[in-house]
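What follows is a set of structures to go through.
You will see chain A twice below: alongside chain B first, and alongside chain C after that.
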Partner chain A sequence: MSKLDVKMDKAADKLTVQMAGTIDEDVDFSQFNLSGNQQIDVELAGVKSINSCGIREWIKWMGTAGPAKITFSNCPKVIVDQINMVDGFLPSSGKVNSFFVPYYNDESGAEKNVLFRYGTEYTDSSVTPPEAVKDEEGNDMEMDVIEAKYFKFIKK
Partner chain B sequence: MKKRGLSIRYKILLLLTSIPLITLTAYLVLALRIFEDDKIAYVFDSSSTMSGTMAAQIKTQLNAVLGTTKPIFQDYLSQYKFSPVANSIFQNEFNIEDIVVFTQGATGQYEKSAVLEKVPDGANSLLGTLAAQMPLYFAETDANGRVVKVPFHDDRVLIMERVLNDTKTKSTIFMVLVRMSESAEMFRAATSQKLYLISADGTVLFGPEEMPGQKIQSLINPQFLSDTGSKVGQGAETVKAANGADLLVSYAKAGFGDLTVVTTVEKAQALSAVQILIRKSLIFFGVLVSLTVIISLFASSGLTHALTQLFTATKKVSEGDFNVRVDVTSNDEVGSLADNFNLMAAEVSRLLEQTAEKARMESELQTAKTVQETLFPETRAKIGPLAIAGYYEPASECGGDWWHYCQVGNKIFLWIGDATGHGAPAALITSAAKSASTIIEKLDISPAKAMELLNRSIYDVSKGRIMMTFFLASFDLTTGELVYCNASHEAPFLMKKGADVLKKKDLVPLNEVNNPRLGQARDSIYEQTSIQLDAGDGVFFYTDGIPDIQNPSKEAWGEREFIKALIAANKDFPNVSDSVDRFALSFQSHRQGAALVDDVTFFVVKHEGLQ
Partner chain C sequence: MSEAKSKILILEDDESVGLALKEILSRAGHSVHLATRPDDASAHLLSNNIEFIFCDCLLPQMTGLDFIERTRQNNPNMRFKVILMSGVYTDKSFIQEATQKAQALAFLRKPFEMDQVLKLVKKEDTSKREESNARKLLYQMFQNPKVTNRQKRKVIESIEEVSGFDLPFLYSLLVETKSSGYLNIYNSDGSVSGISFCNGNIVGVDVDDKTTFLGEMLIQSGYATPADVQHALRDKNNRRIGNYLIQNNQLSPHAFDVILMEQMNIRLVRTIVDEKIRVNFASAEVEMTNPSIDADALSAYLHDWIASKLSLTWLKSLYRMWTGDVIAKSPTFTDDHPALNMSMIRSLDGLLSKIDGDMTIMRLLDIKGYSETAVYKAIHFLLTKGLIVFAQKAAFESPEVQLKALKKIWADLEGKNGFEIVSYMESGSMSSGSLESVLEEFLTLLGPEPEDGKSEVATLWTRIKKDAEDAILIAQDSNKASQFRQEAQRSEAENKLKAASMMEDAKKALQYMQYPKAITMVGEIAKLNSTQAQLYLYSSWAKLGVAGTADATRRIALIKEVELEVMQVPPDERYDALYPFVMGLLQKNRGDMVGARKQIEKAVAMDPSFMPARRELSTLSAANKKQDVFNMDLKEVIGGFFKKK
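Showing the complex of A and B:
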């Protein structure tokens, strides 16, 4: 049984897809039709994990969208990692609208996911992180990723 | 096997027969006791009735005698001689043989005064015979007013009645000898119950043959004889006879003189019906037990037959024959047991086959593991300036990760890949990759071209069902140039040697090019790029199983700890062996022996300076 919850909302030529859960070998994307849409917005904040079998199914599913313009919103780190690593995970017609960047403070152990939005924190060729990210106690937090690796997809 | 005890068939038989036997025995004992008590009560009741009836009859008869003789007595007392009227009455009473009148003389002794007799000189003959007893009779009559004797131990009864004059100064004793044949015969003829007419001292007046004149104490010594002052006129008691037999004794005082009627019945005789009941009950018991045994045999044979089948079948199972089945058609618990046994045997048989199959597959997997191990290179190597050290641990017998290095001309090719999933299917793909690499190595081509060929090989083998991320690099032994091509694999980290210790910012991901995974499409085009490695620089190649390493609490190691461990292991740019050992130690301390969720593969190369 799939551990992924998918909700689809079609309005005019735009399809909004909300996903939450785990994308693995149990997922059956064939029941979610992407074809016939000009615009597909995929909301990914609820995705917890994805494995290699899930990636295979994802790429096949994205391939069924045809020429539709696809945007990914609120991408968690697990999705950004796959976008960076797996060629085709983000379709050629796809674009990331927003994604989360993990921050942490090594001393306090505080963690926070900061949303980077297209046009605000990043553009097609550059990233402008917030000047300072602080935890609840006001401590400075640092980015919990290898920037050259994590922001790679922006500079493609 | 444990030694068998009593068969369940005999246990059932024993149970079914012992229950009615015990129940009926208890019932019989209880019933017999009640019956015996009831019977004794009945005998006491009937014999008391008999005693009372006989006592009343004796009293009536004796009173009748006195009633007849009373006019004679009065006739005498009116004239102190018998008139012809008195004689006439006497002659008409055939049962009365003699009447003798005694009056007190001057000395106070009784002297014969008058006589009425049926036989001439009969009275004198009577007095002559009783001469010895007469003083005693007079004394008793004086004391009691009336005495009844049977002096000849036959049916003749001697009644002595004392009559006082009006001033009570002179007493006259009338002695009447009367024959009571019917009463004597009744006492004599009694059979099952013995009747005795006794006087106060226990002398038997009437009774069975040989007993008249005897003391009843020679037979029995009932309590009521000793209790002389008792006013109880009738009673019953159990008395042990002189011969040891228990007698049921009842008595009734006649109310005439000191006469008492006693009835005795032998207890054993009275309870003979109980013996009959016992005999009949025993016969009934025998029949019932026999029937129970026969029915039990039939009932138990049906049950034990099925159980015997089950026993035989389980014995065969214990000997290893799991194909045995039990044919029991009953619908009861034993039938269900047999059905369950058959299901169990079938399931065990299936599991055994499955276990054998599993053992065979495990054996094959072990063989595959052994074969796959040959696909991996020596974990420590140094080719020219390039030192190499690696680590590989599959999540199961066979893994989907693979790494390799080889020298082609003046280049060292470095291979690392990760097939979709893990286990045997992924391992087969790594085998295909290894096979392809063996050929590709001989072609002396660029990493990008090599990747294209490798992709076709993987695609042809998996038909798009299993893919592989891959990273292929070639290190030029003479220039130090590293050319690489990535097929959606985790980008290796270049650890650029600086003057200071290694820091996070010194980690450079080799991700300038990326390409589709191997096996995704047959004709994918792969691009490559290059970087320059300087002496001291190292590169860390790995698969994505490393951040996924979990501890026993299922907590993943995570990318942050992974990066920290990588930096810590290489902060002083150690040799590759130390680098691998340190890094492995880091994740093993997190893992704490927990099973891997994915294969773990990494290797480190270090440029140790051109020759």
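Showing the complex of A and C:
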């Protein structure tokens, strides 16, 4: 049984797809039709993990969207990693609207995901992280990714 | 490796700001040059490997942005990071535009806090160090038995590329540290493979190649008869072959689980290739399924993979970093650890007692009776199982030891051109960074400059250092370097093609029983492509053919060689008719005719058109007719005893 919840909401020429769970070999994207839309917004905040079978299925599925403009929103780290590593994971007509960046504090061990939005924290060619990110106790947190690798897709 | 302190250039016409910045950065241990004019800065840039430029936006001869732009245009190979500074241009849109144009790390609005400057350089230094040491850090992960998921993820993430030969270590690390999640492997051809882990068990292996080997494995293992398998393949009506056999009581469910585990093993083997790959591990809740590979089962597979898949050349390049370091037992080492009983460890007499806190790879290689291959493979198995670690120690305790190490390096470098020397340095490098960091890492292997400048060790040290530095200079010419790489790739591809075509000729020679000719051909193929598929099997077939007519001493020597070769046959080459055929020939040469016949029967069942196996089977049957009491029925055996001679 698939561990992925997919909700599709079609309004006029725009399709909104909301996803939560795991994208793996059990997922059957063929039941979610992407064709015939001008604009597709994929909201990914709830995606917990994706394995190699899921990656292959995803690329096939995205290929069925045709010339639609696709945007990915609220991408968790697992999705950003695939966008950076796998050609075609983000379709050529696709764009990332927003994505999460993990932050960490060495002393307290606190972890936090900070949302980076297009036009605010990043543009097509540059990243301007928030000046300070604090944990619940007010301690400074540092970005917990290798920036050159994690932000690679922005400068692709 | 020494702390990586940076070379910094400050271009600032306001002397008070420049001097304050220089002082604070120098105090932090960086090498800093202050220039007040662009021409002075340019001269300094050309003669030093500058890593950071702190550049004021408003300068006497030109703007800071123009200076950066012109420097990049004139020196496309120069790699430096830019930090812009200004007290005049401070509006947001200018800052954004300038940062983008200069590809700057940051823009400092004057006056700025000096702490901010130090943080900026420290952060970049840390990431540089993490990147250059990432692979080394990976191999040292077992030093900390309580390594967290985050630490594992960080180390794996910091590696830009690994070799497919690094994967056994990664699998072992994720199993031994009870990981759950997905390891995705991105191959150079764009395909993606993946391994699923559940609490330290491998529960799924997904590779692009869907060959199942199921029928072959059932026959090879003896769990099902060739007839049953053939029947199942014909009649299964889309049901899985295993389920068909289980439902017809021709296979036990437990035996089928064993076969499925072996199938996972073969798929894992497919990922262990001598190619650059990228990996990504994400922790996730993964369901436990059966069958699965746990740490004990993985030990056997690791042993097998290291013996059969990892090349000596690759192992030597990996361990170059640790040749002078002491091998120490890790916190998880116990004298009764089952892995210590495996043949690779037992084949080196007294190996474990020699790991006494003072042993290095270099010394192990000097022990009489220890072969180079056996030492590297045994040490790699122990490291992969997390039973040993490398403890850093002053690499050379005497000039004699340093000279010996340098002679080994020189033997590898002698006769090589600049590009080949760089490839050599890169192959042993843990760094995926610039050529400079590859050189820096390589030079640490040479040890400190010998004090007595006229000694043999000093002469050799200087010579190697010079050759390495010259090679890097040549390789920095990007056009020539890419031309060399293309040439090398073409020559490798040609060799592979030639080897593949020679394999066909060797096969013909073997079919015509021209064994000495086949031995020569296989030797030539090994020189062209040492990883040619089925090389060991063809070589063993040829040697066993020669052994059949050789005298006793020669036959024993040949059998020993073949025993070593069949150990190195990778698991995914064992499910072809050739493997049981060669094993049958080996048993025949050892005098075990019953075992030989069983193996060759398996070969014929797997490939009925394999003529040499059919011929061998008839020869064996004819020869065994009079003596094979184990395969006759009782009436024949008793009749045979009372037969008139």
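Following the convention adopted for this analysis, the second predicted complex is superposed on the first by the 156 of 156 C-alpha atoms of A that agree within 3 Å, B and C clash if a C-alpha of one lies under 4 Å from a C-alpha of the other, contacts with A are read in each partner's own complex, and residues count from 1 in each chain.
The rule is simple: contacts are C-beta pairs under 8 Å (C-beta built on N, C-alpha and C of every residue); 3 or more make two chains touch, one makes a residue touch a chain.
This is a predicted model, so every value here is computed, not measured.
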| item | value |
| --- | --- |
| Chain A as common anchor, with chain B and chain C clashing or fitting | clash |
| First, second, both or neither for A:152, with chain B first and chain C second | first |
| Which superposed partner A:56 touches (first chain B, second chain C, both, neither) | both |
| Contacts of A:86 with chain B and chain C, given as first, second, both or neither | both |
| Which superposed partner A:78 touches (first chain B, second chain C, both, neither) | second |
| Touching partner for A:48 - first (chain B), second (chain C), both, neither | second |
| Which of chain B and chain C A:128 touches, first, second, both or neither | second |
| In the superposition, chain B vs chain C on chain A residues touched | C |
| Single chain B stretch clashing with chain C - from 63-71, 207-215 or 495-503 | 495-503 |
| Doubly contacted residues of chain A, that is, touched by chain B and again by chain C | 25, 51-53, 55-56, 85-87, 104, 144-146, 148-149 |
| Residues of chain A that touch chain B when the two form their complex | 25, 51-53, 55-56, 59, 84-88, 104, 144-146, 148-149, 152 |
| Touching residues on chain B, where the partner in the complex is chain A | 418-421, 467, 469, 487-491, 493, 504, 507-509, 511, 514-517, 520, 544, 559-560, 563 |
| Chain A to chain C touching residues, read off their complex | 22, 25, 48-53, 55-56, 77-78, 81-82, 85-87, 104, 123, 125-126, 128, 144-149 |
| Parts of chain C lying in touch with chain A, wherever the complex brings them together | 96, 99-100, 127, 130-131, 150, 154, 157-158, 160, 181-182, 184-186, 190, 192-194, 196, 204, 206, 278, 280, 282, 284-285 |
